[in-house]
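Two complexes follow with chain A in common, the first pairing it with chain B and the second with chain C.
Moving on, here comes the complex of A and B:
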């Protein structure tokens, strides 16, 4: 079962051994941004989730930060 | 001092794998590696009896074997139990470790030896003193003197052994209070100076070793995939019904999102005590993106969103607890036919 890790502090994710890593926005709101309007924020979140889903259909041979 | 020595069928000269079901046998005096150990300890201690037990017998009948060995201990009344060395023989190492745990339960010390990657070390390191050996019996000529040295030190110091490195046993992952000559800040600066100078130094707090997993093969398509959400960001139903700890979490939660299209201030919040919770408490989708995954589900981009999500608090939570949570969650996802998971961390 492939897993994608959405995480702000990417070096921690690399250290603990996640294989598919998608960098996130900030520690308290990895998939949000309080500076955006709700609509903009949801659109950004959707883009991040779509990108994360695409990593799940991408074959990799080693730890990869997308 | 009287020693009871535990060895397996091979070192007890009963045979190899074909004798691995050899039941517990009690012999007077030393056998096999016990001979050299006994000689090395001459004048300090003596192996009065030896237990020989097949590795398969012990591991397949653990409860019975432990009961039998307990009876022997009650009868022989040793002052110290020595087991192995087991090198990298997994069943033998687990048996030696279990004998050490039994000894501890009976208030007796146990000294054994094995390779650090032997599962017996990880399972039982807290209840026996374990000398590090290499991974095969070719190391016997070094392992025996090392074990004898530790036993001699144990006798000399009346059981009050010093730190692992100075005594020659592997760390037991126990914290013991001690007086240090220098305060922590001075010790840290000394270490830093040694490090900058390229000199050797010994950390007082070794970092955990993380294992590596080969990347899993990609999904062929998302259209029929069942995607699950997992988070270490502490998202929980409002009120944190299972009281997941805000730090050093002892448990994870498993919650239904059936019929939920959006996480709101009224429905969800975070239990996490290690980051500013304001944004997540207003809209937990910023940590656990249920809203957009429901949209993608409706649009047919993914097959479905799994109706349960899994959550814990990754705030000072131990690696061992995290591994346990991870393994259980992964098994539940597999049992539910989940194709892939999105894990979010704060």
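Moving on, here comes the complex of A and C:
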């Protein structure tokens, strides 16, 4: 089953061997950003989630940071 | 930059009619000092002073900071610089006196969930360096207009200002011993011992935010790019704690004042190596910050001409990634590293110790496993509040038993696995 890590500290996911990695915003708020307006933040979050879903159907041959 | 540090060994601490230092005895005028503390911030509602001495059946919790009373005798600046108007001079030169063996400790209702326990006797006492010191403990509460950040800032200021106030007693005292530390401007320092390897210290400071903060000359270090310090600056309080992260491996301000790796590096400076100085860096919460800061660490180390570096971490978890980045980039630049950390390896030590790893980290000092569980007996006297045992990091529901005894990870004990080697734990490969 394909799995994607949405993660802030990408090198840790690389070290532990995750195959699909999507970089996140920050450790206390991986899919949010308190500096944005709520509308902008929601758009950003949707983009990240959609991107992450797309990685699940993307063929890869090695550990990949999207 | 040259600093003389004169220690006055405090062997007795008591309350008295007047605040005095007489020989090796410190007396504190409780009423006057309480008034001094109440004046620090109008939002303070309650101040209590206690003395906790080694061997007593006393528990102090939740402990926020531990501070050493120091005073500038000569030379520019103020202890814990950069906080108050007119106190922006660079410190680390001249002469500083220390009331050695006593501390000022702050407690009160919990600010962050990772504040510590200090037992003055029993099993817990073995796991904290502050069971051996004479402690002046401030229990300080604030009004309900304060959010967590206000609360932390007020308690931090109370600890630092009170330690400075008590430190003034040492200004005209005769020191029992005087140690002199000197680091020259970089070109002169490099030329002083041209045949010895140039060794530097990378001093990682907690800066994750959300009450995991450290200050450099009053600046929140999450906002700095890595920079250089003369080692003596920290002895005058250039770095101080605003950190409520895990009690076992955060650095209380007293640990920064006595920064063990700096003092140890001075011991063989000029004989085994040339101790060039300190790079201070942070542990921020975005990948870009981590990359930038570790890039700057390596850049500054190369710029300083270092051959080798000791790198110490503060805290655990994602800062392990900063530690590994610093290691990889320094080693990549041809600078040998020794890493100093602690471990979160599970109760039995069966789990991965750090969140990240690198084959280049082949010289590592561990200061113990924070997940180890200990049994703390009930104490006769409590300073602070023990109702938080179940919620602080290292505790779980049921950690505090009805009889007052506690079963808890040493993570919850102040200084237990201090990553600068301030206490006595270490770990070996089994």
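Operating definition for what follows: the second predicted complex is superposed on the first by the 66 of 66 C-alpha atoms of A that agree within 3 Å, B and C clash if a C-alpha of one lies under 4 Å from a C-alpha of the other, contacts with A are read in each partner's own complex, and residues count from 1 in each chain.
We adopt the following convention: contacts are C-beta pairs under 8 Å (C-beta built on N, C-alpha and C of every residue); 3 or more make two chains touch, one makes a residue touch a chain.
These figures come from a predicted structure and were not determined experimentally.
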item	value
First, second, both or neither for A:2, with chain B first and chain C second	first
Contacts of A:37 with chain B and chain C, given as first, second, both or neither	neither
Touched partner set for A:11, first chain B, second chain C, both or neither	second
Partner chain in contact with A:56 - chain B first, chain C second, else both or neither	first
First, second, both or neither for A:23, with chain B first and chain C second	second
Partner with the higher number of touched chain A residues, chain C or chain B	B
Touching both chain B and chain C, residues of chain A	8-9, 12, 15, 27-28
In the complex with chain A, residue positions of chain C that touch it	208-210, 285-287, 290, 318, 320-321, 324-325, 355-358
Sites on chain B touched by chain A in the complex	210-222, 225, 227, 230, 233, 275-280, 283, 285-287, 289, 291-293, 295-296, 301-302, 330, 333-334, 338-346
Residue numbers on chain A that touch chain C, as the complex places them	8-12, 15, 23, 25-28
Footprint of chain B on chain A - complex, ascending	1-9, 12-13, 15-20, 24, 27-32, 34, 41-42, 45-46, 48-50, 52-53, 56-64
